[in-house]
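Both complexes shown next keep chain A, but they swap its partner, so chain B is in the first and chain C is in the second.
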Partner chain A sequence: MDRHHVVAAVEAALGEVLERPVTGLTEDVRLFEDLHLDSTSVLEMLMALEDAIDISVDPESLDMDDFKSVGTLTDYVLTQQAPSGV
Partner chain B sequence: MSGISRAPRSAEGLSSTKDLKEALTGDRAARFVWLCNFEVEHRWARAYTGIPAVRGSATAATVQRMEELGALLAEPGDHLLLDRPLDAHYRRYAERTGLGAPTELVTRAPAAEGGTAAAVLDSPELLDRLRALARDGAFLMPMGASDRERRITELTGLRSAVPDAAVYERVNSKIYSRRTAAELGLRTIPGFCCETAGQLRHALEEGLREGDPVIVKDAYGVSGRGLVVLDSRKKADQLLRMVDRRARKTGDDALHVVVEAFLPKRFDLNYQFTVDRHGGVRLDFVKEALTAGGVHLGHVMPADLTAAQRDELAEAAERLGKRLFADGFFGIVGVDALLGADDLVYPVLEINARLNMSSYQGRVTELFGRSDGAALAKHYPLRLSAPVGFPALAEALGPLAEPPRDRDGLVVTCFGTVNAQATAADDAPAPFDGRLYAVLFAADRAGLAALDRRVTTALSRFDTTERTP
Partner chain C sequence: MTATTTLERIESFLPERSVRIDDVADSLGLRRAEVGVFRKIYGLDRLRFDPDTGLFDLVLHSARRALKALPEGRHVRYVVYAHTMQAVTPPHIDAAQVIREELGLHDAEAFALTHQACVSSLGAVDLTGELLRAEAPEGAYALMVTGERAYSPKVQLIPHSAIMADAAAACLVTVGGPGDEVRSFTTRTLGEFAAGLDMTKEQTQGFGQVYGTVLGEVIHEAVARAELSFDDIDLVIPHNVNLVSWRQTIKEMGADPGRFFLDNVPLYSHTYAADVFVNYTTLRDRGRLVPGRHYVLVSVGLGATFGAMVITHREG
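Up next, the complex of A and B:
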């Protein structure tokens, strides 16, 4: 899955958790400060991402800094998708 | 505006903190060194696996500054440990309210992950200062105790005003809350205590059987973290998959969570009682709690309860207090509860045997609360593009920034949280979220609502985003 599709999946997951349409985000949009994602929703957000993309997420491998922006979360998802050894 | 004040007019006449000192030490004139160590809950949690969670916190800087709430709870003759000084303008404001402010004891460097307690331990000059206070008989009064606070007392000779760390850890588990409530025969929220992944699976199967959502909470959850709402079997399966994956990886399926149903409710409640050194229990207050999605937003007092409902809470406080004392605890206990849509009181959602948000409002409400008036404690979310100084904030509030003597108004109870999340000076400026903590006073609920709107409007020049419960 390319970066563009991951951003779209992040938008879809955000839309599900925030219960409102989320589209057209740029990568520098911050999840907490700009979109008002609540820290209690982080786990739910990861579950929604697992649903949208065929990856398995280990929340404890993430740091809150990975949730800083659309771009940092996209980076994390892309590393999870990379074949092992790459 | 109705209501004749019977409140004392100066800090010396206030009794709430003196009452606490007497309960904890037997001496109303005891000198306390306060440590409002919100981070202590992380310390209690460290040995107990909860639901999978991302490391770190998005609001750590704000929570760190909440230690300043202690400034108005402490008496002017007390000391307050901080990892950075109070804003000088805010301190003058606190003194102008008549509440006064304690002597600040500031750590050598700002706190890192271990919070102010760890920063105190890394401050040799400050430890010397505490040794001198210990020689004068002062007590360490933390929000709650862990091994770090115990170490401070060992290194300095300060007497502890609170029980040992092990007792705090034992009684602050949500599993302890549920089991204690059940053992005492108190009306409980339907739910389960889970200590293995298998028990969680069973609890979710049972809990979701009727199709209603459940909430899974860490036994040692910290405000705003360690909880997830599951409204479908699919989400439950996702959580269980994450939990099972972790258990396979670590070879340990131990888990410490509770699973609870949502009861239809009229409103949430928070009541506080104090258990003294001899096991005596005194109910301090009952407040209505404003929450959204499990996140605390504020308190209204008095709570809209019947006399019978109040009596039931008083009875619950007495029984819980006796049980906590039998388990080695004494001190302040806040209990989250709720009034169900069935008008029944559910007296234990969770026991927080430590200082609670509403504990910090004691002297403020004593000084400014009117005997038949109403008060609202809350925080105003601010959306800031640059740090705001206290003078600018006071100017925005206008007459509302004056101490509310015998009239509607507010007291700012924490200012440090306003700019806590500001970007560092050498980073590109970006908007950030601040919080202004305040207690509002009016004759009645309608007066509070009108005042709340005035404050929101006054703060709108800072682009306030109001968050309504």
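Up next, the complex of A and C:
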């Protein structure tokens, strides 16, 4: 999965959590300041992402620094992707 | 020398009907992503939940079994019903009096304790010890009964914290008996969070921010009052609120996670003030409690009270 697809998945997950359509996200959009997420809604968004794409969140190693912006979240998602099995 | 409070018999009861948190999500108004957070991050999975079990069916089961440990010729002077939600029966029914009558303890004084919420059961054990020492005839006993039903969505969901479940427990208490010895009991109440389930978002966040630090301090204080160090503690026997708040507390304490018994969190979830006693009976039935070793019973009640009781286990 490339960055473009991750950002699209983030848009869909945010739409589910915020219960309103989210479009046109760029990597510099900040999750807390710009989108007004809080620590709870960030977790809900991660669960929505887990449902939608092939990632597995490790609850023991969550670091809020990973969720500063759409860009840092995209980096995090790419590191959590399950091995392809190749 | 003043005789210490001793726990002569602890029993618990869980309804057989077990459901997954997904099964109660609709009635609690939880969206799929919120259920996901409760499952993956908070570590909840199953809970005992049986709307067909009445309150008295629930609490009397374990109370009767605990009472069987009362020695021949001895009397129960106090029956204390400890619960979390202030309203557990219709207003014309005084639950503590019903429990006393159903148990046939007609000469006992019966009353309820609730203001420490999920710490009320530990508080009731401490209080009955004080009453027995202060005014009861030598050799008298007290029975602490706890347990309540998650009878409405309004008392089943603590937003962003817990999904409450059904369970009950009872503890037969005396002073100077052969049972587990109560070494200390410490509580701290933070009145700024008195609104409980009605806290504002800011208050809830503030509670979350201090939770781990304060709970760790209360545990350490209880251990110090017992004239022990945390290294002397075999296991912490906690309430089942969720795994994320325990992870936070364990991290704040810099403690070994293996010394906190959290196996029942995904099985039973948070059962109001009964958790610590349910978990005690699980450990005892597994043969995990070692005579002569020390344990800390820990709970936190909305409102907000943090409580920790250090006990020394003795051969049952």
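Keep in mind that, in the parts below, the second predicted complex is superposed on the first by the 81 of 86 C-alpha atoms of A that agree within 3 Å, B and C clash if a C-alpha of one lies under 4 Å from a C-alpha of the other, contacts with A are read in each partner's own complex, and residues count from 1 in each chain.
Simple rule for what comes next: a contact is a pair of C-beta atoms (placed from the backbone, for glycine too) under 8 Å apart; a residue touches a chain by one contact, two chains touch by 3 or more.
Model, not experiment: these values are computed from the prediction.
Chemist: Scan A:50 for contacts with chain B and chain C and give back first, second, both or neither.
Modeler: Once the two structures are laid over each other on A, A:50 reaches both partners.
Chemist: Name the contact category of A:32: first (chain B only), second (chain C only), both, or neither.
Modeler: A:32 sits against chain B, while chain C stays out of touch.
Chemist: Classify the contacts of A:64 with the two partner chains as first (chain B alone), second (chain C alone), both, or neither.
Modeler: It touches chain B, and chain C stays clear.
Chemist: Quick one: is A:40 in contact with chain B, with chain C, with both, or with neither? Answer first, second, both or neither.
Modeler: both
Chemist: By the touch definition at the top of the document, which applies to A:16: first (chain B), second (chain C), both, or neither?
Modeler: Only chain C is touched by A:16; chain B is not.
Chemist: Go through chain A and flag every residue that touches chain B in one model and chain C in the other.
Modeler: The answer is residues 38, 40, 43-44, 47, 50-51, 57, 59-60, 62 of chain A.
Chemist: Which residues of chain B touch chain A in their complex?
Modeler: Residue list for chain B touching chain A: 51-59, 224-225, 227-229, 235, 238-239, 241-242, 245-246, 293-295, 421, 430-433, 465.
Chemist: Report the residues of chain C in contact with chain A in the complex, numbered from low to high.
Modeler: 31-34, 36-37, 40-41, 43, 160, 205, 243-244, 247
Chemist: Can you list the residues on chain A that touch chain B in the complex?
Modeler: Per the stated touch rule, the residues are 30, 32-34, 36, 38-40, 42-44, 46-47, 50-51, 56-60, 62-67.
Chemist: With touch defined as at the start, can you tell me which chain A residues reach chain C in the complex?
Modeler: Residue positions touching the partner: 13, 16-17, 38, 40, 43-45, 47-48, 50-51, 57, 59-60, 62.
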